[in-house]
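Shared chain: chain A. Partners: chain B in the first complex, chain C in the second.
So, the complex of A and B:
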């Protein structure tokens, strides 16, 4: 009897934590999304799909969705392309490439808040490093974080700077798994560099690309910290992301119903993206022997 | 292999320095007086750190961060290792389903748990406590998955030998599996510690009391206290930022290879 229970006892603590803090909350969010509540009142009346309707009729929601989508669509491919290119340059085990890998990876383990603060200084209008550089080559100042058309690009830049090293490390792992045979064969056939990259490297690291695409899209749609520190969604909503809106609605306005509806919509969106991706790209991932 | 070209090496190192220059300069700035910074001269001082640690309470935030990240790492590793052992070594009714439920958490965006977890902890009276910071961060599907893959690579004959000698499963885990999984456990420990150290949104939600702020919350508050950038005391803010990132940078330099290897193992398996 005890013997049969053994594996259950070992997995119980983990599953209990996962149940309480991950799975039950998904159901709770769905339940709260069809109710009206402000954290305090004793009742939570059922309001049907009103919270969803309110969101879908608000400019705030569509703005946040558009800004988040732009952020993801620009920054994910940018990260992956840059990372794949740099990874192919850092494959050899020399001390230079080891130091470069370390330098590029360092931001990925550094606090996002600290990076946000440091880059707020880099891009600050009066004392920042960027405007000092512009000034030194005779160009006028730019109000990087106050200009609606510029601020989102600054955030994309900073996010790319931070995450790039992680992508590079994962790509290096993927590239090292390919092995030299195909490259040797291509060299015998006199394949040009660009050609080899397109025809051998890119298809063969597809499983890695797929893995990175999956996690970086989820990450991009959940970006919060860098925005909260650097722009708070401003100027004029130009960098307002979905999770920043979720935080504001839930924890500043205490509108639990609408906040939960927003969380559920974002959840459905991410699941849908995951399914589409596995349909479209999943088929191309079977190069691995 | 041909020796690396010194010109290329030099250029690569310069590019690396340029890449890290904002962070390096922020550390340099934290040792400058505010006057020197704004007038563009050089004047070394430790006063920014004294101010941050003393008046702005960053010693306390540092302690809070160490306690919270330490507890999450220790408990998280214990819970994940036990589960990984069972999933690697036993086939039991529902084991595939349960393992699937663990792996699926990797795909579940964490924002959907934000409001419900806040409510759960409020109901339990755990907001504004260390427990409120630690408990929701314990379960780590990635660590459990990663350790299970690693443990499957350890020959079963070693377990069998220990069982022959009359060892209990717990003893096999403690005496055989854990010692042999040390590299994987170390990598995961680092990964959990760093993620928790840098966690921002959950402490922001769960903590209102100033004396329970973690470094991330303390730094964000210090920076945001005076909006309008003319009033920001940049050298002071950079000292606080340096306190926040330095433990991770020092740790990173010490164990960089473990960490990167851990990340790579996780990606390929």
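So, the complex of A and C:
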């Protein structure tokens, strides 16, 4: 009996940790999503699916979903393409590439709040470095964080700048795992650089791409800190992403029921995206050369 | 009827006496009061001094003061801390946003304490009124303010404006802001900071309107004068371009730019007096708010409330501190260091206050505005309305949406939310 139980006992602490900090809150959120509560009232009346109905009928929710989707669709491929390109350039073990890897990784370990504050000033319309630069070359100033179509691009830029280093390091690890004999064979056969990259590098680094895709899509849908620090979802909702809306509804407007319903919808959305990615892209991933 | 009345009065006196005894005598064992507040920098130092003075006079009571963030942060963190049973014992609450917490029973009814405290006779009428919600006293004011108009004398001079330039109406403000921007815009100096929410409220009141009527509770967001005021404020940014849009998306940017000498004028709380004086020195000039249609300003600031979940001896100790913080001596220290208005009628006789009034020009502007200062509404919906207003202001100020359309919609949704909260 004890012998059979031993493995379970080993994983029990971790299971308890995950249960307390992940599974219980998920169940609790689902419960709150069908109730009306403002954090302060002693009662939490059951309201059925009213919170979901309210959310799906609101212009704000569809705007946040659209903004988040645009953010993910642009920022994820941008990150992965840039990271793969830079990783291939930094693959050689030279002192320059080592310094560059460290430099590019620095933003990934820097406080997101600090990055947000610094870039808020960099992109300030009247007092920022970017517009000072534009002015010095005779160009008109741009309302980086006040122009709805521009503000989202600024957030995409800042988020990409922050996350790129992490993606590069993971890609370098993936690229280093590709056996040099494949490149040697391609060289003997007279393979051109682009051809080798398309036919050897891209397919063999696919497991890494798949991993980064999964992670970066989840990150893109959960982006919050940069939005909160730099724009708070503004101007006028132009950068109001799902998690920012969730925070605003739950913690500023005291509607925990609707906030929880939004959290549940986000959870379902991310699970669905993960399943689709697994079905569509996962099949093309080969873990052995 | 008479007997009942006598019994009631007797009962009330008993409760009052108990509260007074509790607040002045019963705190004998060591007690720590966790106190959340929103003051950093110079204001934080002044508060620390008041706490130090209190602890020196009250052996056995420790005030564990924690700076939590701004008023919005406090509301957010408090509501998260309550179900987690991590709420503090005393908390600073902004005067329009404590109603929700009082309504839900989170804040202790301080009426017995206040009734038994001689302090109540010393407080100004406005200061007594701001703590009352539905006939009960839930907070005791600590920092009270009105918005005032600050301008930078050096920028005015360089723009060809005299110190006596009239700044009484919307048109006056716009004309001065326009002249500054036209003259000094190439140097990156703008005429006026985009008004923050407190300033917006002040400009609306000066246009003979309000957001919510403080007496009847009627929602006035779509009243013609409110719409007109928003149209004017929004036009400063997107039409006349005399206010930087930076201050629209991040309200503090406008204030920071003014303090850095990059903006000619700023409408802000009198609580910024200390900061303005230390940043701009003699160039910081304070004048009353414009009276576009009428002279009226909102009373802002915050008071200290006590959480109903705290132990009774901690509540007693917390009230002792609250009473001390509102005393004439403490209030004089606070007034002279920060510029927040005196809340105690005896404050002006204190040496620190006398010195400040004599040596700090403009520190009395907010006090002089008290003649036409108005309390603001504090039903539960105000918290929701204030949190929602930021996005809509951005849409109007950045020229993305028409103020009339936005405010009509906003008024309707606020009425619906008020009804929901009432239920």
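By our rule, the second predicted complex is superposed on the first by the 274 of 289 C-alpha atoms of A that agree within 3 Å, B and C clash if a C-alpha of one lies under 4 Å from a C-alpha of the other, contacts with A are read in each partner's own complex, and residues count from 1 in each chain.
We take it that a residue touches a chain if its C-beta (ideal position, glycine included) is under 8 Å from a C-beta of that chain, and two chains touch if they have at least 3 such contacts.
Since the model is a prediction, treat every value here as computed from it, not as a measurement.
Look at chain A after the overlay: chain B and chain C clash there.
By the document's definition of touching, of the two partners only chain B reaches A:14; chain C does not.
Put chain B and chain C next to each other and count what each touches on chain A; the higher total goes to B.
Residue contacts after overlaying the shared chain place A:88 against neither chain B nor chain C.
Within the superposed three-chain model, A:63 lies out of touch with both chain B and chain C [touch as defined at top]. When the shared chain is aligned, chain B comes close enough to touch A:102, but chain C does not. Residue contacts after overlaying the shared chain place A:41 against chain C, while chain B stays out of touching range.
Once the two complexes are laid over each other on the shared chain, residue contacts for A:125 go to chain B and to chain C alike. Of the two partner chains placed around the shared chain by superposition, chain B and chain C are both touched by A:251.
The superposed model built on chain A shows that, among 25-33, 43-51, 205-213 or 259-267, the segment of chain B colliding with chain C is 205-213.
On chain A, the surface touched by chain B in one complex and the surface touched by chain C in the other have residues 120, 124-127, 251 in common. Listed in rising order, the residues of chain A touching chain C in the complex are 38-42, 120, 124-127, 143, 145-148, 231-237, 240, 248, 251-254. Looking at the complex, you find that chain C touches chain A at residues 72, 76, 79-80, 82-83, 100-101, 104-106, 188, 190, 244-246, 248-250, 253, 257, 262, 383-384, 387-388, 390-392, 394-395, 398, 400-401. Remark: chain A residues 4, 6-8, 10-11, 13-15, 17-18, 20-26, 28-29, 32, 92, 94, 96-97, 99-107, 109-122, 124-127, 129, 161, 166, 169-170, 172-174, 177, 208, 211, 214, 218, 221-222, 224-225, 228-229, 243, 246-247, 250-251, 256, 259-260, 263-264, 266-267, 270, 274 touch chain B in the complex.
On the side of chain B, the complex with chain A involves touching residues 1, 4, 8-9, 12-13, 15-17, 19-23, 25-26, 38, 78-80, 82-83, 85-87, 89-90, 92, 95, 98, 101-102, 105, 107-120, 135-136, 138-139, 141, 144, 169, 173, 194, 197-198, 200-201, 204-205, 215-216, 219-220, 223-224, 229-230, 232, 234, 237-238, 241, 244-245, 248-249, 252-253, 256, 259-260, 263-264, 267-268.
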